[in-house]
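Two complexes, one shared chain (chain A), two partners (chain B, chain C).
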Partner chain A sequence: MPFYRLLAPLLAAMLPCVCLAQQDTQKEIERYRQLLQESNPAELYEARGEELWKTRRGPKNASLESCDLGLGPGVVKGAYVQLPRYFADTDRVQDAESRLVTCMVTQQGFTPEEAKRNPFSGTGVPMLTTDPFSGVGRRSVMTDLVAWIASESRGMKIAPRMSHAREREAYQAGEKIFFYRAGPHDFACVSCHSGEAKRIRLQILPDLLHSPKDAQRAFGTWPGYRVSEGELRSMQWRLWECFRQQRFPDLEFASDASVALVMFLAKRAEGGTFDAPSLKR
Partner chain B sequence: MADPMRIRANMAGDKVEVRVLMSHEMETGLRKDASGAVVPAHFIQNVTVTHAGKTVLSAQWGTSISKNPFMHFRFKGGKPGEKVSISWVDNRGERRTDEVVIGGG
Partner chain C sequence: MKLKTVLALALWSLPLAGCVDLPSSPGEGATTRMLRASFKSRGQATVDRLNQDEVQASCSLYKGEPPGAASEKIEKSQQATIRYPSSGKLLGDWRQGERIAQSGVGRQFTDDPSRPAGGGCYNCHQLAPRELSFGTVGPSLYRFGKLRGFGEETQRYAYGKIYNSQAFLACSNMPRFGHNGVLTEEQITHLVALLLDPESPVNQ
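Entry: the complex of A and B
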């Protein structure tokens, strides 16, 4: 009798256990997250971001306090959950990060290159030498600012606007990118983020396409402090990292393509409660 | 200058419950950076908590404490409105002291 015929019923009997163990693991991860939430180091980034918002910087020696994030100059409360949106002054759809670049340029007098130079804080993971933003313990003004701006929308409903034609255009472009298969693995965002119970090792992948709940949770918890990397990560970083994992060319920071993807995800997550900066494994 | 700590101190029964989040790299001195050079050790060595002129907690830390450390403890004898002061000194002699007023239960 071939070995596998003995093995088959055995494996079948084991399956429910595996599922149960997985549920337990997920529950335990939840408990762990809740425990850690009280001690979320994201708070330290938020505090720095708030300080940076008010600090006079750049050639014009100006603060960002009159920066318009969509709700009027200087209004930060609730701005993050209504981004990305169309801005008439730049004639572009912008997310929090790309808008901050604009403000650093117009208000503080930085060049766009300077404003975009260090978008993500240091990874602390020395293996990632391909990461152009890495540097142990390197802080990022952009990340700190985004952490604070996002925190000012905590508990609010995710409400991306779709009233302007350009906003709808961005959504459609984002959808295209989400489905676009490319790279040496012939991958697309949709390869991982559609369908139930897909996972990488123990990490359950959110179904961003079909499940509003998954999308709301995913979108509503970035930025987040990654315990494994000891850094706060923004949405722009998350997308950049997805591109890297798919072996795509680098996603350019604050580019229209990146904003389009954010727009697509924001729309999928519409109505969810924003709960970031969060704490992630 | 190091970033401020985030401190919460509240009454929990007859004790004061303190939660502190510190901003520190806590480098072990064992890691290498992208170019292969050793990242020098940099970590908090001594933590002292004082209340009404008395030390209520004194700790000696090493490299096994995580980055951005979080400390949670309780002590007896504090009342709402009084102050708790927390200080740390790291192996480079950098230091930071922050104070917080004890809140109600």
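Entry: the complex of A and C
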């Protein structure tokens, strides 16, 4: 009897083991998360962010303590879960990051380019070390601030506003972008983020289209400290990285399209409990 | 010079002409403008990638689920794009196919454009059983040949499906690898071999 004839039933018998092994792997990852959650490195970013909020910086030598994140000047508690929202002073719908850019410009006197220069902290992707957006071991003021602001909404309900016409428009634009196919691979957000328990390789993808639970968990856990990169990553980074993998051009930090997509995702996640900065694989 | 201009104009108007019978939606122009203002070219990923061809526009508009008539129209137009190898040989080398299936590089702005792209097949499909790290966005292709037969008809189907998936399923999530020039004809024949060579680990 040829060898492969013997091998086939053997492999067939092994298949359940393979599935079990995968379940075990997933359980181990969950356990690892639980363990590390007790002392998440994100706390370092949060602490630096709180300090930076109060530090006098920029040409105006001013702190951000009178920055209005939507709940009034200087109010940080609970602000993140009610973003993005419409701001009359800029006449734009803004998420946490794009609002911070505004405050760095108006309060501290930075140029918009300066405020947006280094939005993501050092990255493990070697191709990107010369990138003005990052650099190995390079800290990002923006990332630290977002970590702290997000942490001040921990445990609260995700409650994006939809009362202003511009907020509804942003949601609708975000929905269109979610379905927008383009590029050499024909990918849109929906290509991966639809369908129950789909995976890329072994990574489970949240079903952002049909599952409120998945959307709540996904939206509610960014920013997150990514163990694989040794860095804290924000929602803006998550979207930028998704589009890179979609083979799209470079998503500009704090751009209108990015905010519209955040608005769409926040609305999908409405009612969920915000639990970030989190710990991720 | 003149002829070139005329040709260029004709080429530009082709996709436009194709879009006319699509249902229009208010605010669509605004979203497209928003996208153009929000992305910048970087390396090989230039902003012209935001331009949609007729199929991409249609699939976006119908949120990936085109109704019967639109679906048939896409499949018919995409069927016509498939180019089979002039040599007539559809079955390449499954070992090279396995490498192409494993590799997910290509076309990202962080990728070196001078290096050949991979198919990234394992990202979404199960293939050879020894590879446990496989995705589930697409169906399992384990035992593909054993289940579908090793004949030329199946080879032509597999080649066509990889070349242009939407010729068989409008708005499929699978990239149109041949049509969009991500994989060469030869690379596709190697993937066909991975699926349909009786010696391939996929069929063990």
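A few points about this structure:
Quick note on the criterion: the second predicted complex is superposed on the first by the 251 of 281 C-alpha atoms of A that agree within 3 Å, B and C clash if a C-alpha of one lies under 4 Å from a C-alpha of the other, contacts with A are read in each partner's own complex, and residues count from 1 in each chain.
We take it that a contact is a pair of C-beta atoms (placed from the backbone, for glycine too) under 8 Å apart; a residue touches a chain by one contact, two chains touch by 3 or more.
Given the structure is predicted, the values throughout are model-derived calculations rather than measurements.
Legend: residue contacts after superposition of the two complexes on their common chain; A:Ser191 is shown touching chain C, with no touch to chain B.
In the superposition on chain A, A:Arg181 makes contact with chain C only, while chain B stays out of contact range. Legend: residue contacts after superposition of the two complexes on their common chain; A:Gly230 is shown touching chain B, with no touch to chain C.
By the touch criterion defined above, A:Leu44 reaches chain B but does not reach chain C. Looking at the superposition, the partner that touches the larger set of chain A residues, chain B or chain C, turns out to be C.
Shared contact residues on chain A (touching chain B in one structure, chain C in the other): 128.
Taken together, the chain C residues at the contact with chain A in this complex read 27-28, 30-31, 34-35, 37-42, 45-47, 49-52, 55-56, 59-60, 63-64, 107-110, 122-124, 129, 132-137, 166, 173, 175-176, 180-182, 204.
Contacts from chain A toward chain B in the complex involve residues 38-41, 43-44, 47-48, 124, 126, 128-129, 134-137, 230. Remark: chain A residues 4, 7-8, 11, 15, 18, 21-22, 125, 127-128, 169, 172-173, 176-177, 179-188, 190-192, 194-195, 197-202, 205, 243-245, 247-252, 255-258, 260 touch chain C in the complex. Considering their complex, residues 3-4, 6, 19, 21, 23, 25, 27, 31-34, 39, 66-68, 70, 72 of chain B touch chain A.
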